[in-house]
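Which chain is which? They are A, B, C, D and E, in the order written, and residues in each are numbered from 1.
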Amino acid sequence: MKNVLLKLKAMPVNRYIDVIILIYLLLYPAFHSVYWAYIMSGIMAYMIFALSLDLLWGYTGLMSMGHGVFFGAGGYMIGIACARINQAEWVRYKKLPWFLSLLGNDQGAFLMALLVPGLIALFLGIFMFTGKIQGIFFSLITLALSGIAELFVINASKYTHGDSGITIVSRTVLSNNSKQSLPDFQYYFIVFGFLLAVYLLCLGISRSRTGKVLQAIRENEPRLVFFGYNPSRFKIFIMVLSGIIAGLAGVLYVRVQGSINYTSVGINLSTFVLVWIAVGGRGNLTGAMLGTLLLQIAETKLSSLFSNLSADFVQYWKLILGIIILLTVFLIPKGIVGTILDVRQKHQDHRRKERILAKEGGGEHEG
Amino acid sequence: MSITLILQLMISGLCNSFILLLTSMGLVIILGYMKVVNLVHTEMLMLGAYICYYTYEVLGLPFLVCLLAAYLISFAFGAVIERLIICHLYGKMSETLLATFAISMILKQTALLAFGKSYKKVSYPIHKELHFGGVFIEGYKLALVVLAIAVMAATLLLLHKTTIGMKMRATTQNRAMTECLGIDTRKVDTITFSHGMGLAGLAGAAIAPLSAVTYSLGDSWLTNTFMNVVMGGVTSLFGTLVSSVIIQESIAVISGFSNSVTAQIIVLMLVIIIVRFKPEGLFTAKGRR
Amino acid sequence: AGCSKKAASSSDSIKIGLVFSLTGGTAISEECMYNSAVLAIEQINAKGGVNGKKIEYVVKDYATDADKAAKVVKEMILEDKVSAIVGLYTSSSRVAVEPILEEYKVPLIYPTFYEGETPNQYVVYTGSVPNQQGDYFVPYLMENVSKNFYLIGTDTTYAASINKQAKELIGKLGGSVIGENLVPSSTTEFSDVIAKIKDTTKDEGCVIYCNLNGDSGTAFYTQFAAAGLSDKYTIASFIMDESFSTALGSAAVNTYASVNYFNSIDSEANKAFLSDYAKKYGEEKKAAVTAVGESTYDAVYLLSMALEKCGDKITADNILTNFNDLTFEAPQGTIKVDAKTHHIYCKARVGQVQADGTIKTVFESDEVIAPEPAK
Amino acid sequence: MFIAENVQVSYGKSRVINGLSLHVKEGSRTAILGRNGVGKTTFLKSAIGILPISSGSLRFNGEDITKRKTFKRSEAGLGYVPQGREIIPMLTVKENLELGALGHKGIHIDSRMEWVLEYFPALKVHMSRNGGVLSGGLQQQLALARCLMGKPRMMLLDEPTEGIQPNVVIEIADTLKKIAVETGITIAVVEQNLKFARRLADNYVIMQKGIIVSEGRMIDLSEDVIKQYLSV
Amino acid sequence: MKAEEVLLETRNLSVEFNGFRALTNINMKVRRGELRVIIGPNGAGKTTFMDLVTGRTKPTEGSVIFDGINITGKATAEIAGKYKIGRKFQGPNVFDNMSVKENIEIALEGFETLLQCILFKKSRAFKERVNEILNKIDLYDYRHFAAGDLSHGQRQWLEMGMVIAQNPKLIILDEPTAGMTARETYKTGEMIKKLQGEHTIIVVEHDMDFVRQVAEYVTVLNYGELLAEGTMEEIQENQEVIAVYLKED
């Protein structure tokens, strides 16, 4: 019993925040309308997306500016499957091509929605990390990739319906062809379940030796090599995992929205998710979740508030979002959670230092 | 595909290379030297274009004066941003990304509110077309080529042949130490950043006549300018020149054979592949830990 | 500015939703739509409203983002409890909100000319469809300009299907398509395209059938003019409207446009519309009133008429049924809602850009044309 | 010349310098000794102004410099050679040297460089190579030379012998001493290498836990003191 | 030297950087279990030599034979992990934002591949080993501090600890005592001597007291060439070495 308490006390503060967030989300539908349950389902899908990027950026130091590619790849698999099965009027192919043939059935489509982002990530990972692409180069290349992906998706209109996008069977876990959509509230809990599972997975990874190696890569990759590690393997691994999780987030998101279009793979989403994580604080999972939650709620509330006041005001809300981001950068550069952890760490360091000094000096000089 | 077409494509590709170079140069300074991921860059192009519109079309000043005005106003604007915001963020790349993202969002919104949504048109300051056999060049584009070369030469001279240039290079490499040597690095930083922004504004003004001016003008330059600078090796103006040529010539020629979408996709892939095999960019001296 | 009340739809008012991109990539085109919608609502309310009830409205910005459109439409339906929605411009936003309209059974009046599709039962379309534009535009151009066409457009489903229909028609009428080129939506550099056009046409000249939108469009017109080719080549575009022509100045002069409404239409209804518009938004804004703006104005009026017919029983099905065969004396002339497709009957027009930036009607169909959206 | 009065410096909450006072006389050469981690580097950094001090005051040459910016302190004649050398890697050796003089008015760069290179002739063959590729020892010499380019009136040196070959260590000690004697420059040097310290300095202070616990003339530095404060 | 006694051998090792010859024809043999000291003037190529052995730099000519296997041109990670050559850099080179303990844990041998990491579970023996090393380098009390917050000397020790944790066959130490007091230097020397039994060690150092303390056999490099080799006594007597390096007065 005492042991458990001690363990709890030793738990980093941010894990308490995680628990609070998760409980809040669990209870959320009880106090909110269908609309907000729907909005929050989308936000939770984004939270999963942010978690996937936090593994890559926060822990491993690989700032992907094109993470939407994976998100969108997952979403588009479901989209193509739905369009095909529901015979959307624009579908101009008789038969699914061999590489998409799995999309013909529901489980296959779900599998593909995870597999395709995973494979893209694998390919990109191998391509980039066996070369020496690092730091800002990685970021800018991924930025270009999301640009390419956007062009590609619009251009491959035979499968993607070009810039118009695809309507999707919404709020089902697997089904692509029926009208068995779940009510918003029920689907909410499915997304919540996935969020919980992804959170636990990420937590497990981050605390494992693999997670530590990833952090070491972020800190000083050249040095790590001299301990016999092959950093590119680890980077490819986390890239693939992150890609798959992002793909899952994409699936959940399009199921909430009921449609997908090129913006899901594009630069916009990819940069916004960076902002969410940065505001929350990266490299601790909590920040990714909290940042996404707060900013998305703020965005929805603000834009709705402004448009209620007067339509002309609507144009100001992005201005305000910009100012919020700027303030974050200034006041809490490590993000909300990063700052909390920092304060806590400083405090602990201070106490430890005093203890060490007391032990060493036997009370010669105290500050 | 006729010879003249290929020639024509190559020539217009070459002109566009220099236009891309012109629009990227400010970024070389700010991203390459200062390690600030400056997402304001493309917004600065947009503002430069607006400055051009208001000085050239509304006030009717001579075009060169307008370019100068664009440089100066952008320089001043850069100084303000640097002083207020960027100067606190050196060495923290992802924070610069975030901050400049926020600034660019604010700028774009402000431009929308201040200048309105409608298109503004800047007419061509030079109306001549030059014809060589079947091949033609717009006079204005030729002027842009000259401008790009001049700006590049001036910047190279500034960086490598003047003391302020040396201070700039030193400051961007090791700020604390340079200050310990008695150099006012805050001032140097401000000048460097502002010069980069000034170049962006100048470029924005120079490209204003090529299309209509709107608050979203910067968007279409984002990928190309950043990728260009990356491929060039971030700190190398010469590398950026070469990569501009590679990018624009490829786009021109490939879109000649197929279409523009394919060309754009292929060229971006090509850039990525080049960067993969030349991760430090085309021209960058290797350092030692 | 018009303010909407926060109160839920009370019995002495009817609440509708307006959704436009007040920010975002297509805000330039949608500004006039938003203005026209508000103008129409105010006019209707000033005339006593609908069955004595005032029309209340909520406005949402979807920022040219289809996901955002879905969210705000759902918000208007679930939170604001609107009876009907007017708005949207991009096809992707329309596609994205359709499942929501079906789920919650709320009608959308979509005022934008578009590529046509199998009509959605919850959408009423008050813009023109290709058979009301291209079917008259192409023959006109072949007769008056050239039988050779070069097709270019932004890589969108809209431009692709317009071009496809044009190709069929040109072939049928004995013209020839010399080339086709789609460009990414962010393209603002056209020297390669221009070089190709010059080369494939061997400098003979042709019609450039141009469906480039936004910044691409302005860039193309500008660079084409600067290349000094306007004496042999003529640009003809579906997307050209007064928001472009007034901005482009000399670069657009003598090019052709084809929509169902031009600002310059000389009718009482149009004059009244424009003068009210100018009164509310200023003279200089009047010059940039476009077809989509006019369609939005029509959309609100048609909606109010449908609502009026509903009496107290304002349900989606009632509203939608009451749209059947509605006619309205619109600024563009009399329009009528087709009961089967919920698209409008309207006249086809071809216009030519004048030196002052106005677009002069150079051809007008004698009768209104039946819509064929799924053609 | 240089007076630190009751200086405190902290990293976040943990205070590293605890009210240190130090007087350095004009023309003297003071060695600052102490075990690893007692705050020697921290003190030098706060002296030059890279780290802010939380209380206390610094005076240099009769002026209060507590609130001065780093470059102003350098302009006033305080030179600094950091631990780790901090050569500007992509500037050539020559440019690194020039840089040392740029922030100071009235220095004729060429003749000054000639003068400095007399003391560090090993650098002469590397003038056009990038500073970043030099070996550790050459970089250390470059750092010293660069500092001298600015005509400092006082030099703050942080372990200038770290990674230097023995005969060069001696050479550097002699060179620095010679420079000090010839130009009257004041030197404060943090050092682990006692032999070097003895050779160069005429005074010593010993730091422990962020304050000075012993000071005196170098020749008076006894084995007992060394044992007490410098051994583990 | 018998062939099986030799752990490391270099044959005609040469390297050039943009025309600058940093090492020329180095032939060197290091016995199993030996403690070899390399000295030489600044810029002689000592660090470069280590770069070549650990695969960080590829030689322009010549080969490195380790344990009978030609490892020239093999990947750094392979040389470190498979052939077990550990290295401490000139100047501390650790994971600054991770705790001291985590630094040691990362370095601890036997869990370097991705699969090993994923399947890894902290055993009691593992924890004890970490603590043992932390105690050995006197940083146990600092185990929760970020490595970046340690002083220069403490970080040197931390890096030593990491190399020990790595348990390599050959340990290469580049100026391990730089920035340490005489006492600490001495203690480091003793620690290195203790390591000598299990490991083969190559040390580069300028601190001659330290060199005298630990050295048996010394190699002297000068201008990228092998100048002399021999016992400490021989080297101290060698006039050439004295001229370029040792002369203190």
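The working rule: contacts are C-beta pairs under 8 Å (C-beta built on N, C-alpha and C of every residue); 3 or more make two chains touch, one makes a residue touch a chain.
Computed from a predicted model, the values in this text were never measured in an experiment.
Undergrad: Under the document's definition of touching, what chains do subunit A and subunit D have as common neighbours?
TA: Under the touch definition, subunit A and subunit D have B, E as mutual neighbours.
Undergrad: What chain is the most remote from subunit B, judged by the mean position of CA atoms in each chain?
TA: That would be chain E.
Undergrad: Tell me, please, which chain's centre (mean of its C-alpha atoms) is farthest from the centre of subunit D?
TA: The chain lying farthest from subunit D is C.
Undergrad: Using the average of all C-alpha atoms in each chain as its centre, how far is it in Å between subunit C and subunit D?
TA: 74
Undergrad: In whole angstrom, how far does the Cα centroid of subunit B sit from the Cα centroid of subunit E?
TA: Once rounded, the distance between the two centres reads 47 Å.
Undergrad: With chain centres taken as the means of their Cα atoms, state the distance from subunit B to subunit D in Å.
TA: Distance between chain centres: 42 Å.
Undergrad: Using mean CA coordinates as chain centres, what's the gap between subunit A and subunit B in Å?
TA: Here the centre of subunit B sits 32 Å away from the centre of subunit A.
Undergrad: Among all residues of subunit D, which ones touch two or more of the remaining chains?
TA: 133, in rising order.
Undergrad: Show the residues in subunit E shared as contacts by 2 or more other chains, in ascending order.
TA: Correct list: 149.
Undergrad: Please list all residues of subunit B that touch 2 or more other chains.
TA: Residue numbers touching two or more other chains: 109, 112, 261, 264.
Undergrad: Across the complex, what residues on subunit A touch subunit C?
TA: Its residues touching subunit C are 33-35, 38-39, 42, 89-90, 151, 154-155, 157, 161-168, 170, 181, 257-259, 261-264, 268, 300, 303-304, 307-312, 314-315, 318.
Undergrad: Spell out the residues on subunit B that touch subunit C in their complex, using ranges where they run on.
TA: Touch residues, subunit B against subunit C: 1-2, 4-5, 8-9, 12-13, 15-16, 19, 109, 112, 117-121, 123-124, 127, 129, 136, 138, 140-141, 209-212, 214, 216-217, 219-220, 251-252, 255-256, 259-261, 263-264.
Undergrad: Using the touch definition up top, name the residues of subunit E that touch subunit A in the complex.
TA: The contact residues of subunit E facing subunit A are 54, 75-78, 80-82, 84, 86-87, 89, 93-98, 102, 105-107, 109, 111-114, 117-118, 120, 141-142, 144-146, 149, 162, 166.
Undergrad: Considering the complex alone, what residue numbers of subunit D touch subunit E?
TA: Residues in contact with subunit E: 11, 35-38, 41, 83-84, 122, 129, 133-138, 140-141, 159, 162-170, 192-194, 230-232.
Undergrad: Would you tell me which residues of subunit E are touching subunit D in their complex?
TA: Going by the criterion above, the answer is residues 17, 20, 39-44, 47, 90-91, 149-154, 175, 178-185, 187, 206-208, 244-249.
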